[in-house]
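There are structures below to look over.
In the two complexes below, chain A is the common chain; its partner is chain B in one and chain C in the other.
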Partner chain A sequence: MNDIKVNRRGFLKALGWGGAGTALTACDLPTTITLEEGKEEVVAYVVPEEYVIPGIGVWYASTCTQCDAGCGLHGRVREGRILKVEGNPDSLINNGSTCLMGQAGVQNHYNPDRVTQPMMRKGAGLQPISWDDAMAELSKRIKSTSGSKIAWVSGSVSGHQSVLISEFLSSVGSKNHFAHETINSSVWSQVCADMIGDAEPRLRLDKAQIIVSFGADFLGTWKSPVHFAGEYAKFRSGQRGMLVQVEPKMTLTGGNADLWIAANPGTEGALALGVANFILDRGWNKENVPGTVKQALAAYDVDTVAGLTGVPATKIQRIASLFSERAPSLAIAGATVEGQANGYDAASAVMLLNIIMGNIGNTIEAGNKFPERALRAKSGNTGDLVKFAQGLEDKKFDLLFFSNSNPVYTAPDALRVKENLSNASFKVALTQHPDETALAADLVLPLYSSMEDWGSHVPAYQPEKVSLSIQQPLMEPLYKDTRGFGDVMLSLLKVKSNAYNKFPDYYSYLKTAMVNMPESVRSGLKGSRDQMWTNLLQNGVLNAGSNTPKLTPKPRAIKAATVSKNSEYPMHLVPSARLGLWDGRHANIPWLQEAPDQISKVVWGSWAELHPSTAGKLGVQNGDFIRVSSASGSIETQVYVHKGIHPNVVAVPMGQGHSAYGRYAKDRGVNPLKILDAVSEEKTGELALYATRVKVTKTNKSEVLVKMGGSETQLGRGFVRTVSADQFRRTEGEA
Partner chain B sequence: MRFTVHTRNCYLRYCSTIFYKSSRTISTAIYFALASFFIASYAQAELPVPSHIVAPVGEHKGENVPQPIEFPHNTHVKDNKINCMYCHTYARRSKVAGIPPTSKCMGCHKMIATDKPRIQKLTEYWENGESPRWKKVHDVPDYVHFTHEKHIRKFVFDANFPVEDVQQVCGLCHGEIREMTVAEKTKPLNMGFCQRCHQANGGPGDCWKCHK
Partner chain C sequence: MSLKNILENFSDFRRDAEVGGHHDYEHRWAMSIDLNLCIGCNACSTACYAENNLGIVGKEKFEKGQAMHWLRVERYWDETDGEFPEQGASFVPMMCQQCGAATCEPVCPVAATYHTPDGLNAQVYNRCIGSRYCSNNCPFRVRYFNFWSYYEQSWPEPLNQQLNPDLSVRDKGVMEKCTFCVQRIRTAKDTAQREKRQLQDQDFVTACAQACPTNAITFGDTLDPNSKVSKAWRKHQVERGPYTHKKPKENAELRGYRVFEELNVDPSIMYLERVRETEV
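After this line comes the complex of A and B, so read on.
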């Protein structure tokens, strides 16, 4: 064997000739390699629809339900199957765009692990049951349970689905509707309501010349990300606006910022007050605030604030001068600020900055409100989760309904939701997927996917006009034993009320309700009622006029509480949210598992982000496992070392760590929400998601951290030329 | 406009796809270009090649594929002179030529030949609201983007070729369908076959035109 000598050149030569020979004949290899005649079936239509041509897609308008922003969609349907979605250009919310979660909606619909038939608990397990038997059992339970013992837990809900839930609860005499969303902006809304008289003002990112965002990841997870991404593009074009982001862990928005600042967690309010004080001191303010407010601010001189926040005094002065130089400005507060125990005060401090800079009525306008109050969004929050958990603990509920909500997964262990579920004798989950809550329920009712169901959506954050979006099915149901949410609601309503007997299904209810809306709402729709309905389905959206009253700012004296030191648990836990897995509801979508995290580029798993200095002190590097322990529990996951995080913070993304929820989600990564302490925001009662203190310890385990992009540097190869910020400032003006 | 009105009952399924069964041993031989040239010239003597087209070269010995109804192409095409695109009506509009919907068959066969067993079987399908589950004979792999519409446009409509003679164009790739009962594959429809025709007739040569 050793006698045969082939040198490299000879080997390549042989390979080259061989390859050419293969290439010449390969084109004429019979296609039976891939296709066998008579093995596939092709079935024609019995009677074709006039406009349907096999091979050519037809687009239908609908609404995205992947988060509660309510973006309009166009879905491409070919041969009766939904293949692709794009944004609806007529929707003022997303103006023809979608995010990756919207694109992945088709995988939510085609998910192989959907619940396909009703199931009822028999002994320890869930057994299949017919719809008739399920509804018979349910109506028996509804009739025999007193109204106050019935509760409904949902996510954010609006439009006619919201109406039906309210109607059902009032038909049985219950007032227990809990709308729970882990990713929300309810503290900010409360601050807006209290300080400018409008809980959901319209934010004119496009008008601003500088945006200072205190923890609001408006390009990723805050309110209406696709809408804000569009407004942000306007803000950056023309005379380029400047973005300053203050947050403990870099988000997608932080990654886009011109100036990224990590203040000590929980001191962002103090930073805002320090900036406000500096502005007032210099007389750069546009509006005057009462003396009491000024006096309270005096405590926040630059040096004190610098000591408190860890942000150098020069930077605080720079933010303040940017505010005055680059009017109009806009300051907003998001999750990492809202989610502290002092979140309300901190967000108020941010709003005070807006008042001082005269932004009210300028970059902060009154938001549009949908004229029909009953259809307006019930935005989910965590305060409702706390109340629900308390009610469960106090054994207040016998009959529980869950829709579009998975509290067994999202609630921190400290709230004891999972344990206390047994306090309710009968739990009903209306769901599309076998999530953790469904598996803990006594009756599981399988729903249509949002691409099979009807609905109407009035998003909480309304764009320049009052907007309602229609959700129409993009294809026939995949599973014959599933039902529409509205259809199930109507059957539930008919148990105790006769008012809905005239509606055989949700479609007829929705159509009747829509075409009978007051003239002011359906102003854009013309013709007979049938024509109006047709137009509505064709457009997918209803954009009525706008109603913008004047806002009156109510500045008040604010004190931002400081964050105490904790020697046992020295670090802060940031359960970071991202556009993708969201609060964990999309962990069963492989496209979104595969889509890398925008900052760390990690796929299909969990990680704990640490600052290089912290990782150095701990002696860990990328891929090493660490234990993150709070007073309420601990999780173990891999380290990802990154400079875009405060040294005293460990960030673990939410979304993974499912114990059920189908093959793509189950047993993958860890869920940081589980180890959160039950700390509440002091003024609003919201769960303070970002106030948990933790300690981090090293373990002996280490594995390769699976992420796209092997290296974070160019390894000296200079693909992208850079200049230092100092040099840029000298040559190109301010940075 | 991209969208259209949706009503609830608007989907009648056109199942175009679907089941691959386990692959079988490939018994077919490899074709050499030279040999196929002679065979091709001989075989195509019957159906004239339109003067503006250089015929693609290649032969294939198709298998006899049993169909739910033994559809006689010869009766329809040769005896009754029905145009290919009367039944395969999507060929000029879409990437697929389309199998005619059952309603189209019944348009004639409510009256014609109702005593024949094959028509009685068809009527049975129709009355049950079903389509026969035909077996696919001509196909290209999923990684090949082939569109009937562009080929018909180039060789028939843009060339002012008489539409009544369209079977001469169809026959370039589908062979002498007019002589068959159920369709058989007589052309290889592989890359060499496509490529030779593209070269001879000025079709695009970029990889991504077909492999997108």
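After this line comes the complex of A and C, so read on.
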């Protein structure tokens, strides 16, 4: 129409000099920003811009990045702002639901304490710097550092972001990629790989009639919580399966169990072997394991196991009978079992139960694997943290990159990550928030939030079909000096490689990569490449068939270690994970700080859980401060007394105790990860998070414990009424 | 109608809960919450914060009981627990029960809380003078008073950009509570009207029902006999209207109940009993 393009802002500015502008601006014009960059042109007020109808919300598909489960999202965008997210019903992972962390993703995006511009260390402090200067400095460093001295520390990462990290590292000749996640299930995965030949099998909770979970908080913090909650709903409908939870401290899953058992910490493996022995001893299911395995189990007779675990013999027999009678069954092992020095053997004992009961191929199926190997999830673990810490100690790295990872906060003090960071001459943090690691870095590169950025996600735990989820921006970046993760990766790649010069930005790379996927992957998409891309963005997810290799069980004889007495540090520390603050990454989200912990109902702080008998002996009650000391350090926090914990255990939740990370997180509560001993799991080299021994002493300090709810019981008021499972099965069993 | 007419024929005009309430209802929004499925994860509560512009009060005010959680998930231990809570905990999402004979309504001196033709207990913020009589009279403790201007602290820029423009941000001196996401009801009604059709079941659900990972919450219109929620109420033989001991359920094994039904407030939320394993 007209060659002269007038920018809207400039137009209004010009009008502002005359009288007309005053009248116009007073109308409180809606912000009409489209998702297309550079389309901010003059439009009449009555003709809204493309995509934007004032007052009408439009939903766009994207992916949640609050944890690495990869739930599909629909984001409601109105007047160019993202207002709320809901689950994408097309996603087979979350089927339209979200958890509280997903809901709070918008507060991660709109967080008032984001890093808004690149910063570089000058002397003791970080000073603002331009992107050009930052990238010039960085490419100089990349060119002058030998590849083996470059390392990348990330969280769990998958999809094309993972591809770009690997490509970057190989372009500079480095093999040092450490993926670190405090909340993981890597020991269990290793056991699955070794005993059934699939590291990430599909668990059919929906098919099971009984689940015995040894410390796996699958409703809260294990693998894919929203997915498992959906499967749990199926498990609890109709014939209603039974849930037995064995763990030292009640988790969200334990709170929903039919039978909750606190075995002596570290003896869960022995309990599993005791159950296995009882089943085989009765002559049931013998054919599933060779004689040698059975012979090795003979040492675990019920009375011995009862003595080891502290679980009454009658209860062990009951669990064993139920487990064998109520087929199909399923046994799983989670954090508190994996996180012991003998975690691998204990988790193997749990898997042996599945093999004995013939669950392999029944309630444990081969997991779907994304056909393109490079896009599969690189799941974070703590073994990589240990290796990284060792490398740092040995001065192996000069140039360090951190993305989506905050080891200065999450690493135990015993690993000396914070002190040894100075061994690396230049540290780069690619981050959205001013976390502890960013503040210790030499260069901070501010990233888009996940609601401003592009991405693709292939979660480690795949549902009934091979699934990939697309992350598309739900609004324009809030801060002009932030950049997308993929865009920064491309710039880094271009320092030493020419292969990516044809991609001006991550969007063009992602689009090209997606539409050129092999036919097997993009089977669901139709039409031309542009149409496929549009389809993909509309659906948000790609569900592409399933592969069904057969699993072969490889049973082996297992010996479960016992836990020795420790007179100096008699108690066990459980640094419990919570669905909410997670490993501490969500402590800067006010909704999640104010959302009560599901079990203790405490808000805005830390607490230590103690059993009434232990609290009685110590002479403390709710709100009193105690000191929890290990060989590696001590923390002080308030007591919450309840019965859902082993008397020999003190549980302090992860998540608080930040020394930075914005106004909502800073200087609030304590971080139990800091005082963990550097004990490693013997077979896998994972950090044994639950193996630290502590002593607990009383202090003179006491404050009101701020929590929701005045009474701990219903006091006969009948809010929650109950019915027996037998009745339920009679009346609703057919549903 | 004259006063004389009303006085002489009072029984014609007096229509209470027994005969369908004071209104010819257009809709009667209701819920069914299955405590067999509820895992107490708090997703519903956080979704409510996101949808309804609920303020953050911080630790000190939380301690004083001033949290604005319209929907809170309560956790109870059993009184009969021995050394350990072997049967787990009990969780219950608690929010305004949108009573048909609400005790909060008649005590409001300025009619800020009133009964809508949809069967909701509406709260008119502009009318509210903050007497807090309604909160005092609510047996469920689900009305929340703005003792302070929470908005000043809750949404420092740019957090304020997340605020839902479909409803207001409340200032101090005003009572607020769960509205069954009345803005979603309004939008769905407008859309249906624009498309010249009747409102259909599952055209929309409340934010809490939408988020729930186990689909424990079912929302809908009990006047629509084919709605999911109507079917659930029928299946469990829970009926609207006053509570009576004379009419027990035909099948005593059904799980439906309403909290504090004996108070005769006619709650719109039916809970389904938690299921407890007896075999273990």
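Just so it is clear, the second predicted complex is superposed on the first by the 661 of 735 C-alpha atoms of A that agree within 3 Å, B and C clash if a C-alpha of one lies under 4 Å from a C-alpha of the other, contacts with A are read in each partner's own complex, and residues count from 1 in each chain.
Just so it is clear, a residue touches a chain if its C-beta (ideal position, glycine included) is under 8 Å from a C-beta of that chain, and two chains touch if they have at least 3 such contacts.
Quantities reported herein were computed from a predicted structural model and do not represent experimental measurements.
Q: Classify the contacts of A:Y507 with the two partner chains as first (chain B alone), second (chain C alone), both, or neither.
A: Touch partner of A:Y507: chain B, not chain C.
Q: Applying the document's definition of touch, where does A:L468 land relative to chain B and chain C: first, second, both, or neither?
A: Once the two structures are laid over each other on A, A:L468 reaches no partner at all.
Q: Applying the touch criterion given at the start, work out whether A:V58 contacts chain B, chain C, both or neither, answering first, second, both or neither.
A: Only chain B; A:V58 stays clear of chain C.
Q: Contact-wise, after the overlay, does A:S724 reach chain B, chain C, both or neither (first, second, both, neither)?
A: The second partner, chain C, only.
Q: Have a look at where A:A366 lands relative to chain B and chain C in the superposition and call it first, second, both or neither.
A: In the superposition, A:A366 contacts neither chain B nor chain C.
Q: Is the number of chain A residues in contact higher for chain B or for chain C?
A: Result: the larger residue contact count on chain A belongs to C.
Q: Considering only the touch criterion stated at the top, classify A:A262 as touching first (chain B), second (chain C), both, or neither.
A: second
Q: Once the structures are superposed on A, label A:T534 by its partner contacts, choosing first (chain B), second (chain C), both or neither.
A: A:T534: touches chain B, not chain C.
Q: Based on the superposed arrangement, let me know which partner A:N94 touches: chain B (first), chain C (second), both, or neither?
A: The second partner, chain C, only.
Q: For chain A, give the residues common to its interface with chain B and its interface with chain C.
A: Looking at chain A, the two contact sets intersect at 55, 79.
Q: Hey, which residues of chain A end up touching chain C in the complex?
A: 55, 78-79, 81-87, 94, 96-100, 102-104, 106-107, 110-112, 219-220, 225-226, 229-230, 232-233, 236-237, 240, 242, 244-245, 250, 252-262, 318, 322, 478, 579-580, 590-596, 598-599, 601, 603-605, 613, 642-644, 704, 706, 708-709, 711-728, 730-732
Q: Give the list of chain C residues in touch with chain A in this complex.
A: Listed in rising order, the residues are 35-37, 39-43, 45-47, 49-51, 56-59, 62-63, 67, 69, 72-79, 81, 83-92, 94, 154, 156-159, 161-165, 207, 210-216, 251, 253-255, 257, 259-260, 271, 273-280.
Q: Could you please specify the touching residues of chain B with respect to chain A in the complex?
A: Checking each residue of chain B against chain A gives 2-6, 8, 10-21, 23-24, 26, 28, 30-33, 58, 60, 62-63, 65-66, 90, 93-96, 98-103, 126, 129-137, 139-141, 185, 188-193, 195.
Q: Sort out for me which residues of chain A touch chain B in the complex.
A: Interface residues on the chain A side: 25-49, 51-56, 58-61, 74, 77, 79-80, 472-473, 475-476, 507, 534, 537-538, 540.
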